[in-house]
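Notes to accompany the following structure.
Chains here go by letter, A, B and C, matching the order in which they are written, and residues are numbered from 1 within each.
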Amino acid sequence: MPAYARERNMEPDYPHFFERPSPLSIRDILALTGLDRTGSNEPERVICDIAPIDRAGPNDIAFIDSPDFVEALGQTNAGAIFAPERFAKLAPAHVSVLQTREPYKCFVTVARIFYQDALIPTGLYVDEPPLVRGSVHASAQIEQGVIVDPGAVVGPRAKIGKRTLIGANAVIAAGVEIGEDCVVGPCSTISHAIIGNHVIIHPGCHIGQDGFGYIGSARGHIKVPQIGRVVIHDHVEIGAGTTIDRGGMRDTIIGEGTKIDNLLQIGHNTVIGRHCIIVAQSGLSGSVTLEDFVVLGAKVGIKPHVTIGKGAQLSARASVMRDVPAGERWGGAYIAKPLKQFFRETLALERLAARRGSGASQAPGD
Amino acid sequence: MPAYARERNMEPDYPHFFERPSPLSIRDILALTGLDRTGSNEPERVICDIAPIDRAGPNDIAFIDSPDFVEALGQTNAGAIFAPERFAKLAPAHVSVLQTREPYKCFVTVARIFYQDALIPTGLYVDEPPLVRGSVHASAQIEQGVIVDPGAVVGPRAKIGKRTLIGANAVIAAGVEIGEDCVVGPCSTISHAIIGNHVIIHPGCHIGQDGFGYIGSARGHIKVPQIGRVVIHDHVEIGAGTTIDRGGMRDTIIGEGTKIDNLLQIGHNTVIGRHCIIVAQSGLSGSVTLEDFVVLGAKVGIKPHVTIGKGAQLSARASVMRDVPAGERWGGAYIAKPLKQFFRETLALERLAARRGSGASQAPGD
Amino acid sequence: MPAYARERNMEPDYPHFFERPSPLSIRDILALTGLDRTGSNEPERVICDIAPIDRAGPNDIAFIDSPDFVEALGQTNAGAIFAPERFAKLAPAHVSVLQTREPYKCFVTVARIFYQDALIPTGLYVDEPPLVRGSVHASAQIEQGVIVDPGAVVGPRAKIGKRTLIGANAVIAAGVEIGEDCVVGPCSTISHAIIGNHVIIHPGCHIGQDGFGYIGSARGHIKVPQIGRVVIHDHVEIGAGTTIDRGGMRDTIIGEGTKIDNLLQIGHNTVIGRHCIIVAQSGLSGSVTLEDFVVLGAKVGIKPHVTIGKGAQLSARASVMRDVPAGERWGGAYIAKPLKQFFRETLALERLAARRGSGASQAPGD
């Protein structure tokens, strides 16, 4: 971090966007994280907030799970810390050490209790009536507790389930169905879609527009009608700026619990299984299948009609041209190096191929 | 497709977002596709819908154009199928086979007749008056049949041609001209642009903002004024979330009939010819030229001032650093493999280059 | 440029979106660019506009800084031209040559004077009252001269500094603070953010939403609360469609004077220093640090927790997996070639690795 940024980071006079947590005792924290049997010397000590190890103060709880932070641990001002056994003895004497094999998981448990208001995006006006300030068509069905922020538009025959939030200037087209406890972020647009419960769609997503389908002709490209839908199951989260095209004749499907980052492209007919993780700027072209528990790094690209098997993992920038078997780890991309070395390697490969090239008759991968 | 998704795909109780087609007889279909001379045993048989071969029922028409679906063909419940001669005899007896060398093209012809309402995005309220619900400046010129959905904003002196749809919460800035029978999707923003007829702009496109131009100085980067425009010709289609910057001193131009997918970046002064196809997440930096009929796969990147010749094709993830001659097929990127093999190949290349490196004096590509 | 585009480029009957400049004499121009001591034969000649060398007319000023335009120089109709000494004598006799070692810089100086209205995006209605047409919450603080275009929504307790423009259908969430002389483009959304002065945010940016943070569990991925902010310092410019997630426990920070292009993803906790340049479609994953004056080409990807040292430059499509020292130039990606050659090189590398593979035990880069 540049000195410049370090100075300015978390300037104390900046506003905080979440409610200050209600304090917990170490005893409470041990109970909430299931660590109560490991004990602590200071069960009554009060913890008021979470913080990173290098910025924590005497009322904060932090965590350490990597040797990279051992130096920070020695200097920390934290009141308490979750730490594995191997780091426990390195903490200063003033720190209450809560020993655990899963320090980050325990820390997140506390964070989720402290910051319940950060677990799901809220509307612009939070609890101020009226709940519906946007434009809702007379034929749309809005269940109890639905919030429609200013400028949002809900079209004819749309159905919005209980407590769902439609963010400011979002657009829900005719006939779209959205379940309960969902969030549609500001300036997102949704058409031709069926969405389950507890789905979070961040700002600026575009879901349900035509897939990219044409056939060639002497008069130019002719549009293939796209008559499928987008179906999004429960507990899916979709990052800002992501686009999901509706199916051609089938549906584009996102399975339960799958988490999708920002600025992805998901093409028509693509089917994503349950509990997948897909990192930013990846592109799943048409008719791709991801089975359950697949993990894709950032900027992955997958060719049409390819299947990624259950639990397979693809590293960032993977260009996937054929099926990946379940459970495997695939990937690869040129890794950035000093440009001189890059030129040298490029040249070496060109020469190698030139030398052998005359005899090459196989396709790569054979 | 995960079993999970297969079960849920096209659940029959989900709503359908398009009008059910009016039925056609096989005779009608033969005539519409120009196949009437090949005949059929069942000219009076009625077809009510299109469907994929594996999901078609007795009133649906499907198609087969690849051996991958031969097994599905043997089991299909379709009422009729477009098939090439080599597959015709493999269809079950209950299927009316319409033999053709262009099964997919024939199928699309029928699909376009059945689903005319899917050929161009419609407004939120379809045929309910009033047509203009958004905010239109008094000096803007709105021709007959223009629809301005709720929340859309049309600025001063803008001109919108007959029957064009400005989607909900879209923004058309001052002086922009849009032709007839166009669609601007919800939450798209357009400024400094001239747009032809029959242009479809999907949701969340941002067209006409400043190009990325600065010159360095001791006081930081100084902005270069961007005074060009974006000019989009007839029959262009632009996918969701795509950004097109206006020209610096020239115009950024998209030629007639070109189809652009989602989440592209098109830089200032770039000129794209007619009837190009550009797949998702590609980036055309400033002053790139694509001649007519160019095809770019997904995630292609093109360096400034490069020209791609007429009809050239670039495969997905191509990094284009110099001109590509007309008609050629270029590309290349590391193809994903098991990570162990990737590490092995990376290491092998490093060693090869190290061995030769001391003597390397040429630049790659020489 | 296709002949097709050349014909249509800058068609004279297309509207111009900026005010025609007030003319300047050559004498004025020499003074403004600091070239007045180099003189000119025609100090009283009047220049009315800027233009590229190949399209300039007798009242326009152009520039040349590269041998690529020497042919255009010989044929130019420009009235005046900034040129370095080596090209000066090649200009036609009718051209006033203004000799300088920095022709582009001088040209931009004139462009900025001619087109002051292009230096910062304007609102839809420019100078027409009322300034506030959008929806502003009663508790928001709007300073003098703030413009809120139609459909824009400013939430509770937000603070907007003097003369700042909130574009049509933009959304400013509760508590956000934006400084003076800023622009928030149409359909951009901002939450959990503190923004300095003279910041330009182009259309469709999404700033301040949750970062992508989960921990695994038997019941699926559990969301980690994201309680940090986005802090954007003075004179930053952010391109259309870019997404910037707020920090987890720290802040996501963009340093003073940094310029960011379109469709970038900037992950939580990432800290960008001062005066960086980041080109389109790059992705900075979580907790990345860019020190001051870093330059990133297009489509760069940076792994979490990596630091790019002061002034380092990364070429387009660089995949950065480890720290880059200050001042270095790193990068590399497979460069597009004819596909046959690509296949040959891929095969050659596979064979090379297979031959050596059995003995490989080192990780690449060792």
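Keep this in mind: contacts are C-beta pairs under 8 Å (C-beta built on N, C-alpha and C of every residue); 3 or more make two chains touch, one makes a residue touch a chain.
Please read all numbers here as calculations on a predicted model, not as lab measurements.
Participant: Answer with same or different: of all residue numbers used at the interface between chain B and chain C, are over half used by both copies?
Facilitator: Shared-number fraction below one half, so different.
Participant: Using only the C-alpha atoms, find the rotation that maps chain A onto chain C and quote its angle between 0 and 180 degrees, to the nearest 5.
Facilitator: 120
Participant: How many Å are there between the centre of chain B and the centre of chain C, using C-alpha atoms for each centre?
Facilitator: 26
Participant: Touching two or more other chains, which residues of chain C qualify?
Facilitator: In chain C, 151, 169, 187, 204, 241, 263, 274, 281, 299, 333-335, 341, 345-346, 349-350, 352, 364-365 touch at least two other chains.
Participant: Please output the residues of chain C touching chain B within their complex, sorted ascending.
Facilitator: Against chain B, the touching part of chain C is residues 1-2, 4-5, 8-10, 14-18, 50-52, 55, 104-105, 108, 111-112, 114-115, 118-119, 121, 124-126, 128, 149-151, 167-169, 185-187, 202-204, 235, 237, 239-241, 256-257, 259, 261-263, 274-275, 277, 279-281, 298-299, 316-317, 333-339, 341-342, 345-346, 349-350, 352-353, 356-357, 360, 362-365.
Participant: Considering only the defined contacts, which chain C positions touch chain A in the complex?
Facilitator: 135, 137, 151, 153, 155-156, 169, 171, 173-175, 177, 187-189, 191-192, 194, 204, 206, 209-210, 212, 214-215, 220-229, 231, 233, 241, 243, 245, 249-251, 253, 255, 263, 265, 267, 271, 273-274, 281, 283, 285, 289, 291-292, 299, 301, 303, 307, 310, 314-315, 318-321, 324, 328-335, 341, 343-352, 364-365
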